Amino acid sequence: MGTTSKPGIKIVTIGGGSSYTPELMEGFIKRYDELPIREIWLVDVEEGREKVETVGAMAQRMWKAAGHDVEIHVTLDRREALPGADFVTTQFRVGFLYARIKDERIPLAHGMLGQETNGAGGMFKAFRTIPVIGQIIDDMRELCPEAWLINFTNPSGMVTEAAIKRFGWKRTVGLCNIPVISMMKEPALIGRDPEELTWRFAGLNHFHWHKVYDQTGADITQELIDHVNDPDGPFPANIFSAAFPIDLLHSMGLMPCGYHRYYYMADEMLGHCVDDFKINDTRAEHVKEVEDELFALYRDPNLDHKPPQLAERGGAYYSDAACECISAIYNDKHEHMVVSTENRGAISELDPTSIVEVSSIISAKGAEPIAWGKMPVAERGWLQLMKAMEELTIEAALTGDYGVALQAFTINPVVAKNPEARAVLNQLLLAHERYLPQFADAIQELKDAGERVTDPVVLKLMAEGK
Amino acid sequence: MGTTSKPGIKIVTIGGGSSYTPELMEGFIKRYDELPIREIWLVDVEEGREKVETVGAMAQRMWKAAGHDVEIHVTLDRREALPGADFVTTQFRVGFLYARIKDERIPLAHGMLGQETNGAGGMFKAFRTIPVIGQIIDDMRELCPEAWLINFTNPSGMVTEAAIKRFGWKRTVGLCNIPVISMMKEPALIGRDPEELTWRFAGLNHFHWHKVYDQTGADITQELIDHVNDPDGPFPANIFSAAFPIDLLHSMGLMPCGYHRYYYMADEMLGHCVDDFKINDTRAEHVKEVEDELFALYRDPNLDHKPPQLAERGGAYYSDAACECISAIYNDKHEHMVVSTENRGAISELDPTSIVEVSSIISAKGAEPIAWGKMPVAERGWLQLMKAMEELTIEAALTGDYGVALQAFTINPVVAKNPEARAVLNQLLLAHERYLPQFADAIQELKDAGERVTDPVVLKLMAEGK
Amino acid sequence: MGTTSKPGIKIVTIGGGSSYTPELMEGFIKRYDELPIREIWLVDVEEGREKVETVGAMAQRMWKAAGHDVEIHVTLDRREALPGADFVTTQFRVGFLYARIKDERIPLAHGMLGQETNGAGGMFKAFRTIPVIGQIIDDMRELCPEAWLINFTNPSGMVTEAAIKRFGWKRTVGLCNIPVISMMKEPALIGRDPEELTWRFAGLNHFHWHKVYDQTGADITQELIDHVNDPDGPFPANIFSAAFPIDLLHSMGLMPCGYHRYYYMADEMLGHCVDDFKINDTRAEHVKEVEDELFALYRDPNLDHKPPQLAERGGAYYSDAACECISAIYNDKHEHMVVSTENRGAISELDPTSIVEVSSIISAKGAEPIAWGKMPVAERGWLQLMKAMEELTIEAALTGDYGVALQAFTINPVVAKNPEARAVLNQLLLAHERYLPQFADAIQELKDAGERVTDPVVLKLMAEGK
Amino acid sequence: MGTTSKPGIKIVTIGGGSSYTPELMEGFIKRYDELPIREIWLVDVEEGREKVETVGAMAQRMWKAAGHDVEIHVTLDRREALPGADFVTTQFRVGFLYARIKDERIPLAHGMLGQETNGAGGMFKAFRTIPVIGQIIDDMRELCPEAWLINFTNPSGMVTEAAIKRFGWKRTVGLCNIPVISMMKEPALIGRDPEELTWRFAGLNHFHWHKVYDQTGADITQELIDHVNDPDGPFPANIFSAAFPIDLLHSMGLMPCGYHRYYYMADEMLGHCVDDFKINDTRAEHVKEVEDELFALYRDPNLDHKPPQLAERGGAYYSDAACECISAIYNDKHEHMVVSTENRGAISELDPTSIVEVSSIISAKGAEPIAWGKMPVAERGWLQLMKAMEELTIEAALTGDYGVALQAFTINPVVAKNPEARAVLNQLLLAHERYLPQFADAIQELKDAGERVTDPVVLKLMAEGK
């Protein structure tokens, strides 16, 4: 593993100033016996200096409390951190949570879902993030050519597709906490022990389905579907719990993921989000508040363990999944995990080179998908549409082509409404100008035509230079 | 051609009482030199007796006026008409225009597009029509096993897919007037003669795109796109003319079809339709009035030619396309037409056995598609989704499976809204009970649960036994 | 697992009189702790009565010596054995080794490889076997609808494809000993422990390639290729060891299987086989002698363990692989094995419904292939050809269509030579008439045309009613 | 068409010194009314100076005799000829017929078919030709970017695939005379007029099948199959007429091409070729004699028309097909021709981007294939194998990779025999060293290892610097 001379593993975390970092530390600490970490580098940008320094100090306290001699390095220079890295994890957010607030408010102001992964917001997150992933990979190619890239920056599927297909970094694994949560919560719903059950997932990030089997090989998905709307259901807590139509799921014979609510119950979900928007309490604004509270805690020089409040943040288990994936690679575990990786035919109706989120075996070779075979008709159609949307979004992110971005908006089922879709596209371009150099020409045209951002909260953020 | 002993061609028209029949007659009359028709059978059902007799008498007058000795037979018994038929054309409407009124009003009452081909209405038209097509084919297999089935009953693509893939009648060609209208109107828009231009279409019925080339082989589609919103544009007159976003089309590099407005400008189109609905002037209701006026004309014993008012009916050129297709088959013309036929790889991202609407060569062998190759990304994704929707709709039409119908509704982009989609499905099932024997169990469950049709116009029709 | 009332597993072995049965017993005995077997039924046909009774008695002695209370039942009536079976294993040989002698001698007499799996012999083995598999599955559907079919009757890939695709028995796993032998012998060749290595196989039965990885995920296939021609190489002992061209393998980057020698070094292998044939020492004749010796041993009432001579029989580890597969299913082990199973996209250039031999995870759900992805160009082309040959062979086996059989012969690269191929086809049809009722018409035509078997050894067998 | 200022078409013919040029001239002369040619440039290399000057003078006499003012230019500098060209035709032979003699003799000396298109000879022709095509396209990109490349240099399919897929020149059409000959000869075999019949071809160059239909759309291929071995059969005269097995063809339901004899009756064809080889009368040596005779005629200053002896040359109608193709493009004819072009899904089991030889519509847009759909199983498998062989051959031609060349030899069914295949590969590399700079390293290794050309005829040619 790697080419380092000193023994032990070197981890570099891009976006090290994230509030999730303590969870990541906790995950490494509890796996120290199997994952002998030598040093961890937390990398962030100038605007995030205070956050990364706060988190870095807290991370060092955690390791000290755990009794392990692991050095935490904090840097604003990625190239200083990367040489000799074994694993690079990416959890950065270009433009911070301010950008997410824009991503959510602007669509909602136009009566459109402001969903930050698959919706218009997620597409803009892709526009901002993908070019940076390309730069990171350029540096890795030079400075740590053997390293694995463990991505959990959203939209994780598109970022992973860009990393593998467009930037050619095959040693990339994309992670998400959604399948982890399903596998943690579902056994209790049907009164089973986790070790009795086997899960098989297939689809795209935030757009996958799964089946569950017991130890006799029986498909017990239908049994689980009856519990899909249970109060302590198998979905992340941060999505409004509109009830799934049980008979539809029984007809499909597949468990959905929580994000499918934005598609199956689009209007109900939209109504709820618009209500939140009207009281300036979008998910983004809520998360910003939670994050501020977390950092207040992290600044406490006596805090040396992950505070319980972090679990409410929404991305619970994300970091733990990352640690487990790193261990599975390092220790050649051949362990089942659900990750974003190259399809290789596992979903036979998508291109073998597309990135999908699918049950895989994780070993020193990386992720190997388990062949799922043919999808049912409806899911096949939906996946093919969503993959086209992802490809167009990535293309627009790489080229800054306004027409391609408009095509991507037009086929995305949670965006497509017109004429509002164009208005949202234009507003988001203007609002995110600073982080979208590839779209400079298109943005200038919009400005020349007199278009201006209208949402007052977004305008205020822009006035503050955020 | 065929097995008849007497010379000349025998045509059987199912749904012979349609107001379009005079156009069909006109088409045959003007092609009499190349299409030596011997006899024409107009078949309809008991409820349509008065209409088919009126139209039959008018058709006989038209042939007499043209000076040809062609017999028109009118019958309510399909099996009497079919023996020895060379061509069977299908233009029937199960439940008449009353059914279309239900198809449009019920979705609109729930704030959803009531589009009668691809929307919820079109799906129910498929539910009503496909089983009947199966029965017709059963009879053809026995009574005229060499005959061609020329379908122009909507939804033409799904009906053709059912006929070829599910009922196994390979000698089927599905027709639509939309491509014909494009090819008639577009030359004038860019100041060209029709014979200078070549068109290539690919997609699904009411969901296809095309490219246009000049005599040097140059792709002049972009030039044409600039005229897409011209007052005398290349689309049928019966669709509200919401303006296409020109820059989106330029980015795609493809001409859309008129029905794409329901997808690209979904909200604007919906708003317009809801407005019409509110004054009880849906397209269906409007067409019903036009039809009543036409039949008043047809009853005139002196009328012996197609009246000009028919052109306003909306389906102009449909029948002429049918006559031309029949002639191309009969005379082995190897002529370019755009028809619904087996894909055979022409659109490489759809299954080779799927039915697509695509530029084809029409000869005595039927339709042979011209290979289009790869679709651009957005169109690929969209087509794959729509084909999945079509497959589910056909499956539901054949099985009466409520869950499959719900799946079809859920993935159809102009239907998918929830919870309204289920309400619309339920209301339409109840409203069309008479023509949906395959859904009897599901409808009974709805009734047992106390669901009732609520739209007053639909209730009135039902009370009148329509 | 299963529907039996008495605890423990019921095994039914079709072709129970095989000389391999003691190995199967040994495999079950050594796994008794994890595989609690209740009863074993050995089924054979009338002609095999003496053999199955001999083996049955020996099997009972083996269980007794092991100290387990497992009943061995011997029957000539399959339907008596099947009710309540949990696992049905198939290891029968229609026509016994006499048929194999014909399969090998006749092609060799015409200067063509007499290979008993992929060659002309193997195709005739498929013709004889596949209809019988269909009958077994008919009985299973009625008598033990939950049972797993573990097939190790050759040609294992084609038999498995027929069972799953044509007869619809999804609970089928096809086994072969070739991958097992590779995984047993290769570590020593490169001085590694087996547990350090991971294997990934993909291809068709007797026509697959593999890659090997170490614990760091490094592909060490090239290192292994250097040892492919080592004296104790990774191939079964029963194939003549023509040396592989090392540079070709390095260029491919894949390890071949031993049977690839018949393709890569076709002429050299043919020369060797012809030499053996000339001295009446074909592989089949040799195996017949070994079998006779084994049965002489089995008749010894004091023998209660597998004799070492069985290992020389050629199919070593076949039965052990079967026991391990049964245990992996019964105990939901999620264990890596290389089996013939439904492709599901694992080899993306073959149809998802084709049966392939591929690295799979074996659990209570059966076999799930690990997605291999795209094959290199040469292997892709070869696999696609061989799969077409397999499909044609199965089609001919099911229909008895002479033309289809001739097509299968014509595209099989180790058969295709003309005009000899037709002569071999005709001779084999005549020689196997008794076991090919589906080809009765074709055989009668040959006889009417005066064709007669010419090989003296085959004629002698036929005269003896074999 | 094109950017030339002077009216009329400019043709550039690479390999202008070919003995076929007079046929090309004749084709242009007879189409002068529809193809207003302005000037023709015959380009050749220094070694071909005498030939191209002879042919150029003869060509000029032909145009003069026809009474048209068309200038013939002869040059040894391709870049002088190309500027402003409308059509570039390629009919050159790297290494002249001497190279073909080597291509045929060396394999035959090793008991292997010396076929000059698909066999080992054809693969070496690809190795020599493809790099030169790449250079021509480089020049065209600079000097005549709008020109069409009409290739009839063999192996036409591989050369066209390289031109379109590897060098990116989409405006390429690959031609062959085999389909033309079929369509000319077949009507008479079954007593029909050509205009009554429709042909549909699909496959690869020199490896395609076809179906024939009459004016009622009936498939009359089976009728034609009965005449496949007729004395005046539908195949080129230059292939030995081993009889096709009629029952195999009836089972397939497809007409083969003449070159299929090398696959269906491989041994018989090989035997015949070996006989010719033994008397130093390979096809190549025979053609060389014919060519020498033709040039003797061409030197006659009174000869001003195509001499009848040219028809015996073997490639009859090749040039006429080229003229017709040029006319169909220039005049936007939308005419049926069988050409090598991008698949685009026409054969759905081959990649949409592969080059196939298929019934197409030729217009100003180039070739558009008619969708053929699914191939029967045997043909599917064979085509997939042969396409893999073509891809490997092209890859080897571009890279000079010995291992890839060996892979290509190993999967080619008319080459694969080992160990002879390697010997033939090595001998051909040595014999063609002068024209294979990309293989310089591999050839040097062979020489260092002491390998030498052994065939005396080839050695003599090499000694003469040929």
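By written order: A, B, C and D. Residues from 1 in each chain.
Simple rule for what comes next: a residue touches a chain if its C-beta (ideal position, glycine included) is under 8 Å from a C-beta of that chain, and two chains touch if they have at least 3 such contacts.
Just so it is clear, the structure is predicted and the values come from calculations on it, not from any experiment.
Taking the mean Cα position of each chain as its centre, C sits at the greatest distance from subunit B.
If you average the Cα atoms of subunit A and of subunit C, the two centres end up 47 Å apart. Rounded to a whole number, the gap between the C-alpha centres of subunit B and subunit C is 54 angstrom.
Centroids built from CA atoms put subunit D at 45 Å from subunit C.
Touching two or more other chains at once is no residue of subunit A. Touching pairs of chains, sorted by label, consist of A-B, A-C, B-D, C-D. Put simply, subunit C touches subunit A in their complex at residues 1, 198, 200, 213-218, 329, 332, 334, 336, 342-348, 352, 361, 363-366, 368-374. Subunit A contributes residues 245, 247-248, 250-252, 263-268, 377-378, 380-382, 384-389, 391-392, 395, 401-404, 406-408, 410-411, 413, 416-420, 422 to its touches with subunit B in the complex.
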